[in-house]
Amino acid sequence: MNTYGKQFRITTFGESHGAGIGVVIDGCPAGLPLDTAFIQQELDRRKPGQSKITTQRKEKDEFEILSGVFDGKTTGTPLTLMIWNEDAKSKDYAHIADQFRPSHADYTYTEKYGIRDYRGGGRSSARETAARVASGAVAKLLLHPLGIRIQAYVSQVGKVKLEKEYSQLDLSLTENNIVRCPEPAIAEEMIALIDATRKNGDSIGGVVTCVIKGTPAGWGEPVFDKLHAELGKAMLSINAVKGFEYGSGFAGVQMLGSEHNDAFYTEEGKVKTRTNYSGGIQGGISNGADIYFNVAFKPVATLMRDQESINEKGESVTVSGKGRHDPCVVPRAVPIVEGMAALVLADFYLRNATSKLR
Amino acid sequence: MNTYGKQFRITTFGESHGAGIGVVIDGCPAGLPLDTAFIQQELDRRKPGQSKITTQRKEKDEFEILSGVFDGKTTGTPLTLMIWNEDAKSKDYAHIADQFRPSHADYTYTEKYGIRDYRGGGRSSARETAARVASGAVAKLLLHPLGIRIQAYVSQVGKVKLEKEYSQLDLSLTENNIVRCPEPAIAEEMIALIDATRKNGDSIGGVVTCVIKGTPAGWGEPVFDKLHAELGKAMLSINAVKGFEYGSGFAGVQMLGSEHNDAFYTEEGKVKTRTNYSGGIQGGISNGADIYFNVAFKPVATLMRDQESINEKGESVTVSGKGRHDPCVVPRAVPIVEGMAALVLADFYLRNATSKLR
Amino acid sequence: MNTYGKQFRITTFGESHGAGIGVVIDGCPAGLPLDTAFIQQELDRRKPGQSKITTQRKEKDEFEILSGVFDGKTTGTPLTLMIWNEDAKSKDYAHIADQFRPSHADYTYTEKYGIRDYRGGGRSSARETAARVASGAVAKLLLHPLGIRIQAYVSQVGKVKLEKEYSQLDLSLTENNIVRCPEPAIAEEMIALIDATRKNGDSIGGVVTCVIKGTPAGWGEPVFDKLHAELGKAMLSINAVKGFEYGSGFAGVQMLGSEHNDAFYTEEGKVKTRTNYSGGIQGGISNGADIYFNVAFKPVATLMRDQESINEKGESVTVSGKGRHDPCVVPRAVPIVEGMAALVLADFYLRNATSKLR
Amino acid sequence: MNTYGKQFRITTFGESHGAGIGVVIDGCPAGLPLDTAFIQQELDRRKPGQSKITTQRKEKDEFEILSGVFDGKTTGTPLTLMIWNEDAKSKDYAHIADQFRPSHADYTYTEKYGIRDYRGGGRSSARETAARVASGAVAKLLLHPLGIRIQAYVSQVGKVKLEKEYSQLDLSLTENNIVRCPEPAIAEEMIALIDATRKNGDSIGGVVTCVIKGTPAGWGEPVFDKLHAELGKAMLSINAVKGFEYGSGFAGVQMLGSEHNDAFYTEEGKVKTRTNYSGGIQGGISNGADIYFNVAFKPVATLMRDQESINEKGESVTVSGKGRHDPCVVPRAVPIVEGMAALVLADFYLRNATSKLR
């Protein structure tokens, strides 16, 4: 199904080369002032053509409100945002109409549905993430008055890795460069690597790190819908994601419990932990400390070079590298990761309203 | 909520030290012969006290069928399995009734619910996973006639790592040793490390790798409920899990697209890929190749040594290391990972029944 | 939430006087040829201004496909239909901006949301049912190849009642008159009554009866989601509905079991019942016989005369009868009832695909 | 699926002649004192063998708490209640093992599942309603501190009808007689009619009326999940129910809008309506007035006399009238109707917590 969330619930629709991409947000409380400039600003962070290291496809990605707002505020009824398609050159795709591009969804969609919209990947296009960013921006507007701040940045491109942890960085510098890495020197290296990869008609992977500050203690559900399990699902649902880890993550498996346990103490009446290997989540529920996690993105499958593959009849074909695509998705993935994180938190915020008698 | 799955749906209930742990399975098709010996065998793989490197708490973990079976077959109505508690020494926990144990769920449950069952972790106890293994066994019985085989094993304990990939291993050897690592020499090292850690009153983390063979192409949903996103959520919902990666995973971020893309070819009329960095999933949907993934487990939080912490009033206390616990969860986590994977696949099997007109 | 259905699932959005009314259909199998002329024809049966006994508000109610169709067939991805608003005179409503109209949703929306879109009832407007008719038409297209036929008609207006049962009527005559009653003489009486009521600035209630032929035995769920329980909920969710009964209904309470029981017999290898007080549903599941039910509609709340009421401050006000409205909803409710019935059946059709091992 | 409710959610399981009947309540807020005596008292109102006009099957219907309670309060985790079966004489049913009893679920279950537990109706047995009464009692405990009172009574048996409306009755007299009708003289007539019907080996239908006082304004959802639509579904999901109407109901179709509209006025700062044809619900949302509705029950299908039918092979058979059954379900249906109403309201109570920014 194309729905995410239980109480702050989004349903996305639309294809890369159809009328556009839309999202229905159901469950947003009434009375929220809808800052449309902010939503547009978030969309601008994701939009194509924003720099030399992203796809050169030009779309303004402007959105229209189709329902749910009156006098500038949400009404509690479904809030629908639509991003119309503009630069949809369907003919760009005629040559791959019956081809299965390597590591794309062409083959699997055909197996599942018996039919697929081959234009630009159709529904499997990363263009669908515009709807996530738009609805994620609404979620951010809901969370903002609670003091919750969500900030993501690029921490790795190929082998170029930002070794510092988030707490050692000045995250306010993230948007200062086109790769969205808060350490200027590393950012330069990343940009150079992506640019070289692009010129080579190739693509490369990367990692986005996300930090959430200000989440109150007590959010999340104890068993299946653990806070980090939902964050993980949300991140893994983004195109090209191959892995998710939070807190100590994969590195934590090498630690001893006596090192890894986060000792509690009290400071000015507030419960704190001396370390934060838990990543702000214990037993699936937030403990008030910073939540942080990493998201691994593979190199995108579309290359500007020829590749061997097969067509729908199973015959060998050469897939040629036409079109306009990102050599590396992580710079544009930053607002997507933030948006999905906001959607997860907004949902738990509403779900938590009835956890106990008040 | 305590429910997982949309069509093959489980709801678990019960606490560590209450009457027992149970699970209601709703949506299992009628007519499935219920091999109770197999279900018990799976529960035995998870049960405590099975070797020197697991907790010495003794529970037989025998299950009872409360509903949903007639003449040895499922009836299509809710199938309820109950595992009664036996060795529930509540007094073991009186000393921590008002303490927040480090890196446990004590503090977060109190914040969320205002109340908690402190006996053995209550609902946050890993004992809840018995219900997952039991229902996962039913899911395996549903998948077995389709030729689907799910096998997990321990690939890392602390720094002791099995470097070979799954395809280089003889997975039939997995159950031959108490740590469940298919490479005997590495298994010995792992066992020694866990044993030494146990003697030291400490705990250590590890990685479980899981391989699924025989999944037909076309399972999974394209946007939010991608097959790997649901696998990720299911794994991250298991106690102590900190990370999930599938296919090329975190290592894949360093690759170029030209290396990472899995070229299609046809062999005897079947579509195959020359490599499998996709991990058997493309665009969120299975492509028929092996599905494989890694799950990172942190060192368990319960230690057999004193730790500094606070109580409910915020006062400093010393949490003493009593009770009986696992020094490393991964050996017993193997059937849990398999069970959750089976639940995910069973759900997608049923969900896929209506993807296209047939 | 604004979603109906579990597997054939619709989410509607939009207000009476906003951009328009839309619906996202999620879960429709891929490969269904989308007969757009048929969908428009169904919308035409509901549209305002179609006769002298309906509202004179003019809307063409033409729809646009925003997503989910490729080469004339559904793709399995969300199918979005949009009906743009045209004749939305917001100024018509300025005079009631702070008034609570009697028996409308003005007061309850204000209590629930703290805000409401007062233009034309906003989200509570019956205009929302256009989305139900459009998506119901898609459901009909899915059911049609299975031989399922859904036909509703007006069986009562005020005290003018069609005493014959559905099996005594020629339902092909239903669309021959503007009130949609298959008995011409009774239809004339109904039309005269509605017309007189309209001229009097008043409104009047009525009953729509619906018959479903061709449902296979075995559809429905046994406990909460009984086939008739879902039909009941679907009908009661239509604006102005006050009651639902199926089969023998309220009259059945006066019968003895020996009269009411439907005796089984076999004819040409097919299981049949000698009577059909069960209304084609036993234990919540279809038995293959005709399904039939009645839906009671109250007189609509908007009158063309002055009424006493209060405003948001609790002060007495006179609500004046402006605007253009239906004096009786049942003629236009016929396609809405059919559409909702189609949505219920389409959902159970898909849900039933996995009831047993096949 | 065997689940009802979105936030106060119950999942029932169990068969008439298996281990017992159970219910998992998920979403009940933590901290609710669980008055077990009250729950048992409600179960006693439903239990068989309570008077000469109910089935003579003897079951104590005592319940056991399997999970979710600590120190007498709910913990926010799943609350599981189990009612073990005692008097389950499976041999009573051997003679109908391959027969399709008229107007029972035997045939439809077989069509749906290909298998059925024929003992006592298995899952289709009205014994399942014990789980609804038990969980409904918990819902009542949640609603009670809010001042909400739910009271049902028998208003019709066969042709014996209580003509007075609820507001003219002293509902405190309801439990004073075995048929649960608050008007003693009518109650006598009803009892006599049921007793005569029983002696004749026959059964008869009836109506239960339910009144809910004290619901705050603003509960319910505007489109599909209207408060009365959920009440309708909940009631129609009870065994043997054929119809539901609320407020003016079917009688309202004969009224003019000018009669039917409920005029608002203000009294001591509170919004009230001069009449209540709306039944306390406008636009699907409560307006603070009394909610009232009628539920029609057919005569039960099990008769103490021979009936013609067929078996699984389609051959003619005589179904003989053995066993112990109710000649009329409405006396025991009173607590079931109340319980389901409580479940609906508890769910909307929790759902409403996030309707607007607070």
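Each chain carries a letter (A, B, C and D) given by its place in the written order, and its residues are counted from 1.
Here, a contact is a pair of C-beta atoms (placed from the backbone, for glycine too) under 8 Å apart; a residue touches a chain by one contact, two chains touch by 3 or more.
Going by UniProt, the chains are A, B, C, D = Chorismate synthase.
The shown structure was predicted, so the numbers you read here are calculated from the model rather than taken from an experiment.
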Q. If you take the mean of the Cα atoms for each chain, which one ends up farthest from chain C (Chorismate synthase)?
A. B
Q) If you tally the C-beta contacts for B-D and for C-D, which one comes out higher? A) C-D
Q. Chain B (Chorismate synthase) to chain D (Chorismate synthase): how many Å between their CA centres?
A. 40
Q | Geometric centre distance via CA averages, chain D (Chorismate synthase)-chain A (Chorismate synthase), whole Å | A | 46
Q) In whole angstrom, what separates the CA-based centres of chain C (Chorismate synthase) and chain D (Chorismate synthase)? A) 26
Q. Which chain B (Chorismate synthase) residues touch at least two other chains?
A. 1-3, 12, 27, 30-31, 76-77, 112-115, 123, 222, 355-357
Q. In their complex, what parts of chain B (Chorismate synthase) are in touch with chain A (Chorismate synthase)?
A. 1-4, 6, 12, 100, 102-105, 107-109, 111-115, 123-124, 128, 156-159, 197, 202-207, 217-226, 228-230, 232-234, 236-237, 242-250, 252-266, 269, 271, 273, 277-279, 281-288, 294, 296-303, 305, 307-310, 314-316, 352, 355-357
Q) Can you name the residues of chain D (Chorismate synthase) that touch chain B (Chorismate synthase) in the complex? A) 1-3, 9, 11-15, 18-20, 22, 24, 26-27, 30-31, 64-68, 70-71, 73, 75-78, 80, 82, 112-117, 122-123
**Q.** Partner chain D (Chorismate synthase), residues of chain A (Chorismate synthase) touching it in the complex
**A.** 7, 27, 29-32, 76-77, 222, 350, 353-357
